[in-house]
Amino acid sequence: MRSAITLDSLMPFFGVVVLILAGSVFFPQVLSAGYLTQQLQIAAFLGLLATGATIVILLGHIDLSVPWVLTGAAILSTALVGTGNPVLSAIAVPAALAFGALIGVINAMGVAILRIPSMVWTLAVNSMLLGLAVLNTGGFNPKGQSSPLMVAMASGDILGLPISFLVWIAISLILGYVLTRTPFGRYLRSIGFNEKATFLSGVSTPSVLFVAFAIAGMCSALGGVMLAGYANQAYQSMGDPFLLPTIAAVVIGGTSILGGRGGLFGTIGGALFITLLTSILSVMQIDDAWRNIIFGVIILAMLLFQTLRKGAVA
Amino acid sequence: DTYRPECFAPAPGTSEISYDAKDGPYKLAFVNGFAGNDWRIQAIQSAKAWAARPENAGKIDEFTVVSVGNDSAAQIAAIDNFIAAGYDAITFIAVNPTAFEPVIRRAERAGTILVPFDNVLDTDKVVQVNESQKALGALKAQTVMDTLGGEADKILMVNGLPGNATDRDRRLGMMSVLEQVEGLEIVEVVGNWDTGTSQKVVADALATHGEFDAVVSQHGSAGSINAMQAAGHPIVPMGVDGENGVRMLMDELDIPGVSASQAPAMSAVALEAAVALLEGNTLPQTIFLPIPQVQAEALEAGVNYFPDLPKSFNTGTGYAECFAPFTPEELLGQSPDNT
Amino acid sequence: MTDIRPPLLEMKNISKHFGATKALDGVDFACRAGEVHAVLGENGAGKSTLMKLIAGVLQPTHGQLRVDGQDVALNTPQDALRHGLVCMFQELSLVPDLTVRENLLLGAPGAGLGWLRGTGLSDAQDVLNRIGGDQIKMGARVADLTLPQRQQVEIAKAIMKKPRLLILDEATSALSASVVDRVFELVREARDGGTAVLFISHRFHEVEALADRVSVFRNGQRVETFLKGAHDYGEIIDMMVGQKIEELFPQKPAGLSNAEVVLDVRSFSWEDRVKDVSLSVRRGQIVGLGGLDGQGQGAFLMGLFGLLRKADGTTAIAGQTSDITSPKVAKHQDIALAYVPEDRKTEGLILDQSIQENLELAALGRTDLDAGDAALYSGSLDQLALKHGGLDLPVSSLSGGNQQKVVLAKWLALKPRCLLLADPTRGIDVKTKTQIYAILRQLADQGTAILLLSTDYEELIQLCDETHVFFDGAIVASLKGAELTPQNIIAATLNVATNEAARHA
Amino acid sequence: MLDYMRSNRREVIAGLVLIALLATYLGTHPRGASTYVMTIWANQCLILGLAACAQFFAVVVRGIDLSVGAVMALTNCIASYLLDGSASGIAFGMVAVVAAGALCGLLNGVIIVFGRIQPIVVTLATASVFIGIALLLRPTPGGAVNYDLADAMTLDFLGIPTALVITAVAVVGFWLPFRRTGLGLGLYALGSSEQAAFQSGIDTRFIRLAAFTLAGLFGGLAGLFYSFVTTTGDAGIAAGFTLNSIAAVVLGGVLLRGGVGSLVGALAGAFILKTIASLMFFSGIPSLAQPLFEGLILAGAIAIGGADVLRARNKLEVYS
């Protein structure tokens, strides 16, 4: 079994260190435990989404329904809690996860059965979810609220470490195990490289796609639940700012956008890196235009660095 | 004199506009930009609630609402379509303040009245309904400075979505007050009008800049308050927007300051203005609606905020000076299938 | 033949390394105008690598190339084309989504980025006509052509460039004997006109028929170059493999007619591509499937493996009727079918993954096996003598023959009751073939039902106990024993002569 | 004819879907089919159409360009400075705007080819940079485009919408001849099989650079035409166009795996997408239900293309 920790996946962690050091030149507080744990807490939201995205990208696909799966899960869970009914409140989180899984299954139906490119099918699913959310908000609008559990998951801490971060890492570990130590993980990457040959090896490739998209949907939903816990509410479009950073985090983490190659370890670094970069650009009060430019240039620099290193080895 | 100035208050120095009266009932359309946004959804609901009120329903032949997304070309096309279809008046929230000059000319030729609101146009050719964005910003800043007795060392300003004229003007309004304060350090972050984003950037600002004497924030302010709570930041005066959740927090935590909002019910006022114009009345070219605002002390559950409604609900359910504000039931009871 | 001019192409002390693999190691090689120079060697000997250096696809790690005695650097295929060096690759250089015409235009001499004129198209059409490709429509998408048709187009595309040096790297592997003959005629003509030809084939009789000179390669080195006829077949094989090969084909056991039936297929039909095919395989038998390409035999194998929707007919394995709806069902221990697909690179293997991972992939889904257990594979890997630099290297680093060994080993790990093979020895060297034949025969003896689709009638005759020949979706002849002759097979293939007798319901 | 339809099945399906949608739209429109209505429709369609053309050039070489919208935003902002004033100034301005787009594309291409990074990732990053520059130029929307020019480009010509004339010129004047050049064929070859293209002696690097430069150029054209329609510059327009351009090419029968499809298909896909959105105007669908319906129709249109595979009788066919 090849190690999940490659040089590629270590890159973003180096990047994180560089960012912290560079940031601390302007703001010594960047080195404080408070600031750093806060980044861990916030990175968890992006991290969870990127975890799901990694799985789908390893398959050689992409999931553009992340934003409104996230929003939908947040609306659903807060609505259930908002009913005040203890039973409905208790199932809020599981229901949101089930919703995520369901959307994942719908995504997979288009991709695995109808063979529609995931890039457009999941986009279409995203628009339908947006439509559902708009219709729902407009028609009957239940009072929404986050449950104490949701708030704790997003904002609580254990021994100084944010629970959101611990949840993210726990899920990464579990899924990391699944990816590297189980047939499912092997199938996933095989499909990412060559779906036809995997199918011909007697693998039910559609099932793998279904499970993978369902897991990704659940990750997005969990991200939505947590974000609702963090903001203590759900709101339309809460997922929109996450789409491109999610993909960026996965790629920066060394997972090939073509599928097959990569893993969750790098994604952890990628999510931390993107979160920290965004945060530092924000606290430096850099003008929006320059924030965009610097963000793009740094991502490019990271990518070029990765390929240059490979070039040097070959 | 212009028509009902207590509601359709003229902006300073604005001109007046009137058209020849037309007989009703009228064909009206509301062309929204992006739909997946709580404020906009409520604006649509307000418009429909207005059209459903008996005193208005009789004047309306047809009322159509469409949302086109964040694409000014698509919005231009939608408006052109309603012009082509012979609509009498079209209200819209402009995706872009400078893109509608040719449409205005085409509407004029066809005799269709355009009434932009909320995100309005850089034009003096049509009647526009809005609150003064600068005044909205200034109000928040002025209130917190007054609460602080006019002195402060450091203030946090949470801005909206960059690239929008409303964001720009609200910021300018805040700046106009804050720049007068001697020795004041202003820390600006970009919250994108989004609760979650605001919460993140405020959390970061608190972690790196320490404590602030006050906070002024645009849409999404609940995030700012959440972040301060999480960081154990002391209660300081705040100027915030009018989302239900913000008012709940402000009341619960006894945060001094003001909650002032851009009210989505503005969509109804815009329709009211359109009908007034169709009936031959004269209106100011730029209308500055009275800014719905509540001083922190005056917050009261069930009156100016609603614990039973979602936090993302916008409390701006009406402009009392124009017509009786919509009750939440009136807005939410609107079934989605009676356009 | 005395020629004082420098050779058309000369290679001096050429090496090509891929990481630790030395594909070529200090090779000196020359090819003269007006000769057909055969390059022989087992899989992985470095033949294709040598050709790719000449074609500008690869660049040497060390060494120098000369054209007409002048040092040249061939950094891209364009550089090679400029010197008149044209290669027909083992992996075809046709663009699948473009039409035949467009492919020819792309490769036409002088075709740049600008306006394309049809220059050379009529030459190409002439070539196609001459080599039996007159059926191929200029407007057909290459992806829709059969492999032999693609090879014909590739040949036309190469010849229309009027090469000074023409490389045929297993360019005729899928062509039937009669077409190969016509291609050879064309090649000889070109040679007589002064073209140098480098010819690679694993079919010895083709070398025999075409070559003037022969170079034998082994392990990245040139062993010897000699005029054809200087060494006999046995000697050449010894040179190639570095050891003696006693018998290519294993001995066929006698008297199987009443052995138990392992695989029994009744009335298998699918669309109008496979028509009412029935056959059975007994213990100890290897059953061949012959026929021209595209007559339904390939589809039939696919159907048995559960790849075709709405196929009719029944399949029984060891007396147990099974409904096989997908490869996953097919490989389940209750059925235990294995299928070695035609295209090992895209269907048989996951090239980017390691040899180990490829070996495990089929066994992974079997609850009764531990895919990680090396013992599952070691037996067949030893028997097939897989040549590799470590099981954790990507399978793409193996030569074609060794890749095929991995595909076989991956399926043999499942101890299949029935093995379906789609032309498993195409492009495979003689030694590897012997190894594969031996293992197939041994499996058959142990009771595995083996269905072998082959384009090589030697195999159908020498290895198979019975051969069914397909034509237009149906079996038109079932030959065994003394009936298994080249004449009968070819006749059946074309569905001429005594076909009535062989047709059964 | 039948042969043509079979080999261009995807474009034919897209065309039929478009005709059906357009008929529905015109059928529900109170004004019906008229030059005015067609002009409004065609303007919108052409903007996304040009964006889809940009995406097409990236996709046909097996890439994705996530910077299409950003290039539009940037060129739109540039146009808002250059398209007002003297006639010669405007002429220069138009060239400069398109050239700026091509330059963006070239930059993408250079990073992709020489940095050996996946296009989707490169353009994700460069999009951020382009938007940043656009925001430097136009922190908030503003500037102006000469109204006469804008009118000339966005109204009609002898009763035919100018946008449709431009579409026809793009197809007949550019695409059909282009398809018969070595470059045009090379794009397909590269996208269909890079290995085969390379071994056929095609300069794959140059072709890929050219493809992304063309993508940028069409992005610039989209930005330019957007400027004519909106007569102003806005840095915030990127988001919608990028993803829609991808949906458009797929609807138009261009395969994301490269090598298959045409500019005509890309245009048809874009027109379909915009017609779906226009259907909402007079559909009578409740306003808050419109986004859902739009999503459903989009998904339906996409699924029509996908349903094809359910007919495949050979399970391996779906993997190609």
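In order of appearance the chains are A, B, C and D, and numbering begins at 1 in each one.
Rule of thumb we're sticking to: a contact is a pair of C-beta atoms (placed from the backbone, for glycine too) under 8 Å apart; a residue touches a chain by one contact, two chains touch by 3 or more.
Source: prediction; values computed, not measured.
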Show me the overlap between the contact partners of chain A and those of chain B. D
Report the chain whose mean Cα position is at the greatest distance from that of chain C. B
When contacts are scored as defined above, which chain pair ends up with more C-beta pairs, A-C or A-D? A-D
Hey, how far is the Cα centre of chain A from the one of chain C, in Å? 45
Per the centroid of Cα atoms for each chain, what is the distance between chain B and chain C, given in Å? 72
Averaging only over C-alpha atoms, locate the centres of chain A and chain D and give their separation in whole Å. 29
Whole-Å distance, chain B centre to chain D centre, using C-alpha means? 35
Where chain A touches two or more other chains at once, the residues are 130, 134-135, 137-139, 196, 199-200, 288
Among all residues of chain D, which ones touch two or more of the remaining chains? 135, 139, 288-291, 315-316, 320
Residues of chain C whose C-beta touches two or more other chains: 326, 347
Think of each chain as a node with edges to the chains it touches; is that a line, ring, star, complete or other? other
Would you mind giving me the full set of chain pairs in touch? A-B, A-C, A-D, B-D, C-D
Going by the contact rule at the top, pick out the chain D residues touching chain B in the complex. 29-31, 34, 36-37, 40-41, 43-44, 47, 135, 138-144, 147, 150-151, 154, 226, 229-232, 234-237, 239-241, 274, 277-278, 280-282, 284-291
In the complex, the residues of chain D that touch chain A are 64, 66, 111, 115-118, 120-122, 124-136, 139, 243, 246-247, 250-251, 256, 288-296, 298-299, 302-303, 305-307, 309-310, 315-316, 318-320
For the complex, which residues does chain A have touching chain D? 64, 110, 113-117, 119-121, 123-132, 134-135, 137-139, 195-196, 199-200, 244, 247-248, 251, 256-258, 288-297, 299-300, 303-304, 307, 311
For the complex, which residues does chain B have touching chain D? 32, 35-36, 41, 44-45, 48, 64-74, 76-78, 80-82, 84-86, 96-99, 101-102, 122, 162-165, 168, 336-339
Interface residues, chain D side, partner chain C - complex: 3, 7, 177, 180-183, 185-186, 188-189, 191-193, 195-203, 206, 210, 259-260, 312-316, 320
